[in-house]
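Could you have a look at this structure, given as structure tokens, before my questions?
Residue numbering begins at 1 within each chain, and the chains themselves are lettered A, B, C and D in the order written.
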Amino acid sequence: MGNILTISPHAFRGFVAVTVPLVALLALFALAVVGVAARRAPWVGSVVYGGTATVCAVVALWAGFALAGRSGAETITLPMGLPWIGAHLRADGLSAFFLLVVNFGGVTASLFGWGYERAQAGGHGSGHGHGDSGPVLPFFPLFLAGMSLVLLADDAFTFLVSWEFMSLTSWLLVLSTHREPDTSEAARLYLIMASAGTACLLLAFGLLASGAGDYQFDAIRQHAPTAGAAAMVVLLILLGAGSKAGLVPLHVWLPLAHPAAPSHVSALMSGVMTKVAIYAMVRVLFDLLGEPVWWWGGALMIVGAVTAVMGVLYALMQDDVKRLLACSTIENIGVIVIALGLALVFKASHTPVIAALALSAALLHVVNHSLFKSLLFFVAGAILTATGSRDLNRLGGLIHRMPVTAVLALIGAAAISALPPLNGFVGEWLLFQAILNAPALPEWSLKIGIAVVGAAVALAAALAAACFVRLYGIAFLGRPRSPEAAGAGEVGVAMQAGMMIPAVLCVVLGVLPTFVIRLFEPAVRAMVEAGPFDDRSYQPWIWLAPTSAIGNSYNGLIMLAAIAALSIPLVLVIHRWASDKVRWSIAWGCGHVEPDPTALSQYSASSFAQPIRRAFGGTVFNAQDRVEMPEPGDTRPARLTVRWTDPAWAYLFTPIRSAVNWLADRADVLQFLTIRSYLTLMFTALVVVLALVAVVRS
Amino acid sequence: MIDIGYDAAHLLGALVLLTSFALLYQRRLFSLLNVFTVQALALSGAAAWQAYAHDEPHLYITAILTLGLKAIAIPVALHRIIQRLHIERTVEPALGIGLTMVAGVSLVTLSILLVLPVTENATALTREDLALSLSVVLLGLLMMISRRNAVSQVVGFMSIENGLILAAVGVAGMPLVVEMSIAFSVMVAFIIFGIFLFQIRERFETLDMRKIESFRGESD
Amino acid sequence: MTPALPFVLIAPLVAALLLVLVPNWRVASWLNVGACAVTLAAALTLFTAKPAATAMLVLDAFNVTLIALTAFVGLTTSVFSASYIGHEVASGKLNPLRLRFYHAMYQAFLFTMLLALSANNLGVLWVAVEGATLTTVLMVSLYRTAASIEAAWKYFILCGVGIALALFGTILIYLAAQPVMGPGLAAMTWTRLLADSAKIEPNILNLAFVFLLIGYGTKVGLAPLHAWLPDAHAEGPTPISAVLSGLLLNVALYAVLRFKMLLAANGATMAPGPLMMVMGLSSLFLAGLMLYRRRDIKRFFAYSSIEHMGIIAFAFGIGGPLANFAGLLHMAMHSLTKSAIFYAVGHAVQAKGTQKIDGIRGLTVSHPALGWGLLAGVLAIAGLPPFGVFMSEFLLITNTFARQPLLALVLVLGILLAFGALVLRVQQICFGAPTGESHPIHGTLAPLYAHLALVLLAGLWLPGPLVAWFQTVAAMLG
Amino acid sequence: MIASVIHQIVQMALVLILAPLLTGWVRLVKARLLGRRGPSLLQPYRDLARLLRKEVVLANNASWLFRSVPYVMFTAIWLAAGLVPVFTTDLALAPTADLIALIALLGTARFFLALAGMDTGTSFGGIGSSREMMIAALAEPAMLMVVFSVAVLVRTTSLAEIATYMMGGTVGLRVSLALALIALVMVAIAENARIPIDNPATHLELTMVHEAMVLEYSGRHLALIEGAAMLKLLLYAALIACVFLPWGMATPTHGNPLIGLLSFLAKLAAAGTALAVFETSIAKMRVFRVGEFLGGALLLSLLGAIFLYVSRGV
């Protein structure tokens, strides 16, 4: 405990290195205080959100410069936390990259949230429970601070404190809607799952620290654990970080908790907090745990593949917009984890360049998903603000009433469906390039297994496209399914701006992906001792041509240019020389002329999913469609009801819950005994222990 | 030759143990109290004999305290209470007498098994005495378990403390502080019991624990 | 020997006698606070004193921290009680006569606990614990309701028997020591015993420890000896619940630990650790399960105390510098947090007019200051950062996992089990639409927030001297 | 460099010109196989021209998306078709996008068409879109598995490289390639809405998929969509030719583009004939059997990939 009060050798340089985020953290805490102190003041929302946006912007910029400038990462020790080691903070490439992601998400979320809360406060909000909500302002900056702190932590204790603090604050944010019926159940499940995850991480770090004899990451790096211990750590990390990231089957809390929060918080939880979990995996598996073994990657890939496919199938089953988005987060996390697994495998087989490719795919997808998932959750928030409903079956035709939102939503949907030339596709492309390198691996099981994983990724991608065609088609296209949807109006400027920024970036990153890849190259280099573009042959900077992908290259910019070069003349030519006449009329629909006012004849969300439900759901979810068809001549509409069960609940969580209840009932008897029985208990305890002593001695 | 000191002490200790068996056996409250009085007498006798044999005058105080409190004051007071409160004079034990006896015997065996091997270097008297007192303590506990009536539970508690005193006097040179503390505690304990018996009486119109324990917390 | 120590004992004793004579309960309540303040001031000076021991009293690193803690919680609780009983009188639950008795007993109770903590003579230690039992029994039955009398009766019988067993253990210790150290006080003086512990017959020590563990363990509330604890907490006045959970349990555990040190010093005895670990884990799991079915808010938190006593017992059971450190820290944190929770609960019960959890909903909406305070307290006791309990649990779990992986898994499972119940209830209590009646809160929330601030501070930063102190004690405990 | 640009431009024009021809050829052969005289080979051109001149009739609640989808879709497929080497591998855009990007481009087209199907809010558009996406969900993985097995062999996904490698003749005959070929053909049939998956000629609502989506389209929009469909057919034919029988194709180093062109025409004729024969000899299957059909394709392609390891120690 020598260095409790003294600062570590590099103190000064270290302080320079981490001082910006430190000050930022303090500022965030200050903002939280303001949020509490001035909660009645009319200006408080603007101050807190504005302040948070500014602080996050500063940190994001700082992280960006740190990455670009390849600035060294010094450790700074604060006299806090565990007495005899203090709190260690450090911002290396990896941390800086994730700091960039997190805080950028923070900027857009605060921007959107500012407008969102004002809209909620102003009349619009009433009707869907946000009317009298609990406090958001104090916890919003704290949540962001917690996430940044996780990324900066450089010893096990600080890491876990900030990790659990992150869960705690987000739990409180979820509870801000505590007046709504489902919230309390969701929040409870969330906090319990989160803490169970933390417990797993706790054990993992306990194991690592016992090897090193110290909780500092440096010490842990120095002492690689034994094979058995390492295996256990991998398992515990998969459980601990996985429960936060939403790996199947630990995902159950996610579709409940993420939607329950206010939309801008949902965006943070889904788009950003899950990434912090990914950071934890990378930090431990690539950095702290030393030389990997191939099966670690194998395990990650299997879990990831299952998660990806299951996640998107869940998403296809959902009728609630935000819940659907949360499920799609599960899918994307699965994809990222697959990429991580590949990177581990290749690192283990000493082909660092390919490992770098896979890791780049993972990190790029981290960026991409944080962008379009925030965007889509903002869109959900906009829809909620405009219509007061999150139920797909009460939406429709919004493209006419919310033109701006509709365009941005389309970008988001296209990006998350991995359509070129948007950013989602680049990530998938890199991932496939890595998958195609499977033959370079020694293990046969992996060669074949990776092919299957590739198929799973492709399946997930295609299903995701279906999922978002469904979302966009039902919500924005067609005819309104409820008066609220018919009467909706475009949202305010702040919210539009909040959506605009990530939307634009989705396009930019799709066209010029190399920029961001170069940005996190130092992080990749630190993890796998190689960069994705090492000794590349001929490409100028706009070409995405990783070494390992032999002769394969992709160029979003040229593709965009080509599309423009082809489509614009096409339009002009046709309109000039062919015809440009338009006649408006009622939809024909195979003679089904008069569009019914209730728009019930439209495909509903559940009917759209029906073919896929029939193809996959039967086996996975034992989903059952029941159609109540009225008698001929009866004018009642036919009703389609869909029932399906989540295997994770059916086979894992419900049994646990009932087991606890059963035990609790048995134990509860002890509360209602007579004094004599209690004395008997005591007496028995005494006699047993005495007998034990007698036995032990003889 | 015969060590008269040892024999006498042994005899008195055995008498205490015997009486606690008798306590287990009793069905009627008054006879219970009488047996308890006998036990207290035996105990004070043991204490006095120790004081004489080992010439430890402070043990006389113990003897007197025991005699005064346990052999006279408490039984009398309990008699009073029972008469004042018109408690039904017989109480059916919760455990069958026979079962209780068996349990008691096995407890005594256990305590002997426990004590004798571990006290090789202590004097024979101490060992005997310790074994006896341990048995008395355990039997007292058994009695508290096997009786439903508040009075008999009080008596059981008292006999546990008798066992403690027996142990204390058995060990050579035990400082006075312990006896004082015991006496003090017994006294306070008795006062409190008294308070309780009256309160319980005025609350529940009975001393049958089953009625008192109808409330077990949360049974709303 | 520093004069401060006897003074720490005399102050509450005198105050107790004095308070018997004060008829006006308002005056009495503030006299009570004053007396506690004096005691605390005296206790704080002990930190500067050198470790010392007389035939009756002892002062070392171990008990000085606990004495200070006891004095501090005693003071804050007296402040809380001063603002609490006003409402009890107003609502006709208590009359001035009873209050006179109550205040005297409060000081007497503090005296017995401080005596137990500073006693060097095992007999005195025993007397003090017995005294603590008697005083609290009387205070638990203060309301004279059927429920409170039943609870007090249960408390008295169980702890009386427990105390008796503890005395038998004490006699056995003397019996074991007497051949070595000769007859007389020496053989009952803890410091002397510790010094020559190696020479003492180990087998008798084993036997003695069994009785002492069962005896004092009853008072700690370790399962299956815990039965008295929930009802005593639930039926007594809330300030008493606060000191019971916050202080009395610690004192009893302190007694057990003293004897554990004796055994450890002997070396040839059985290891006392496993026994404590088993009882600790059983308490943890039993309490964790019981929490799910509780409908009475005070009983609920009483069970949570059992849970944490289990964790602490486990920590000391597994031993080692880190685990002991964690145990001590957890002891301190639990006292502060749990008493804080009971302050909040007391106000909540008065504000809602019921102890049933169903009647106490949406507290953060109806009484924000109280609701968020209670929430913070429960989160702290649930072991969430940035509160101090997290640090102790972190140290305990990581350290255990490094040494006994399976035990650590069991421990974590138990903690999670209880955690689930805590989250379930605290969400019902603090969130959702408020139910039932809602009176304004009487009195101050200062003690609540003072404790929370301390717990938060400890979670973020432990002062160096305190750490050094804990580390020396951890080393003593071996 | 200049040559590659010229080649690229030529190719863009070429696919545009040849696409209707191929469709016409298929129709003609089918008609002959059914014993009819059948329409002229140039009929598709006339249809397109007529549609282009007609006015567009839009549903009242059609949005801007509905009107822009035909252009997006046509462009995407046109670009994709332009990326597949037909007569030479020396194309300017070759490095821009590899096989995966090409598949994704087709995905883009499908995505927007499916959206357009839902825009007017009629039930039939919904039927079409949902079924189309379900089919795609299985077709795309199968396609990517084909790519995978080829790439495992050739160690690249750039079409130019694949063609060059295949022409090298070092590959020889392989089980896995045969499996991949079958899988690719099955996917092609599904993607082009041919029998047995779908029937471009039918308008029986309950069975149609592709037609249901474009039900509300008319005039120039319909022309673009039809044209896009023709391009797609050509694209798949060209793709199969390029990957599995690239012989005769020119490369930057040697070979004559003209010969490449002639050989490509021959390949197209053969492919068209084969398709016609296949379609006349089989009946359409129920929509929900499609899953099994494409699942089979997926498994075949996966099998192909695995066989590669067995047959050759890569």
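Simple rule for what comes next: a contact is a pair of C-beta atoms (placed from the backbone, for glycine too) under 8 Å apart; a residue touches a chain by one contact, two chains touch by 3 or more.
Heads up on the chains, UniProt names are A = Hydrogenase 4 subunit B; B = Hydrogenase-4 component E; C = Hydrogenase 4 subunit F.
Quick caveat: nothing in here was measured; it's all calculated off a predicted structure.
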Set of chains whose contacts include both chain D and chain C (Hydrogenase 4 subunit F): A
Shortest chain-hopping distance from chain A (Hydrogenase 4 subunit B) out to chain C (Hydrogenase 4 subunit F): 1
Of A-B and A-D, pair with higher C-beta contact tally: A-D
For chain A (Hydrogenase 4 subunit B) paired with chain D, centre-to-centre distance based on mean C-alpha positions, whole Å: 36
Distance from chain B (Hydrogenase-4 component E) to chain A (Hydrogenase 4 subunit B) - Cα centre to Cα centre, in angstrom: 69
CA centroid of chain B (Hydrogenase-4 component E) to CA centroid of chain D, Å: 100
Centroid distance [mean C-alpha coordinates] between chain C (Hydrogenase 4 subunit F) and chain B (Hydrogenase-4 component E), Å: 31
Chain C (Hydrogenase 4 subunit F): positions in contact with at least two other chains: 153, 157, 161, 165, 203, 206-207, 230
Chain B (Hydrogenase-4 component E): positions in contact with at least two other chains: 114, 117-118, 141, 144, 213, 216-218
Chains grouped in pairs wherever the two touch, ordered by label: A-B, A-C, A-D, B-C
Chain B (Hydrogenase-4 component E) partner contacts - residues on chain C (Hydrogenase 4 subunit F) that touch it in the complex: 121, 123-124, 126-127, 130, 134, 137-138, 141, 144, 146-147, 149-153, 156-157, 160-161, 163-165, 167-168, 170-172, 174-175, 178-179, 182-185, 187-188, 201, 203-204, 206-207, 230-231, 234-235, 294-296, 299, 356
Sites on chain A (Hydrogenase 4 subunit B) touched by chain D in the complex: 396-397, 399-400, 410, 414, 417-420, 425, 428-429, 432-433, 435-436, 438-439, 444, 447-448, 451-452, 454-455, 458-459, 461-463, 465-466, 469-470, 472-474, 477-479, 543, 545, 549-555, 558-559, 562-563, 566-567, 570-571, 574, 578-579, 581-590, 592, 595, 599, 601-603, 607-612, 614-615
Parts of chain C (Hydrogenase 4 subunit F) lying in touch with chain A (Hydrogenase 4 subunit B), wherever the complex brings them together: 153-154, 157-158, 161-162, 165, 203, 206-207, 210-211, 213-214, 218, 224-225, 227-228, 230, 270, 275, 286, 289-290, 292-293, 364-365, 379, 384-386, 390-391, 394-395, 397-403, 408-409, 412, 415-417, 419-420, 423-424, 427-428, 431-433, 459-462, 464, 467-468, 471
Chain B (Hydrogenase-4 component E) residues within the chain A (Hydrogenase 4 subunit B) interface of the complex: 94, 107, 110, 113-114, 117-118, 138, 141-142, 144-145, 148, 209-210, 213, 216-219
Parts of chain D lying in touch with chain A (Hydrogenase 4 subunit B), wherever the complex brings them together: 12, 52-65, 71-72, 74-76, 78-79, 93, 95-98, 100-101, 104-105, 107-108, 110-111, 114-115, 117-127, 129-131, 133-134, 136-141, 143-145, 148, 151-152, 155-158, 161, 205, 215-216, 219-220, 223-224, 287-288, 291, 298, 302, 305-306, 309, 314
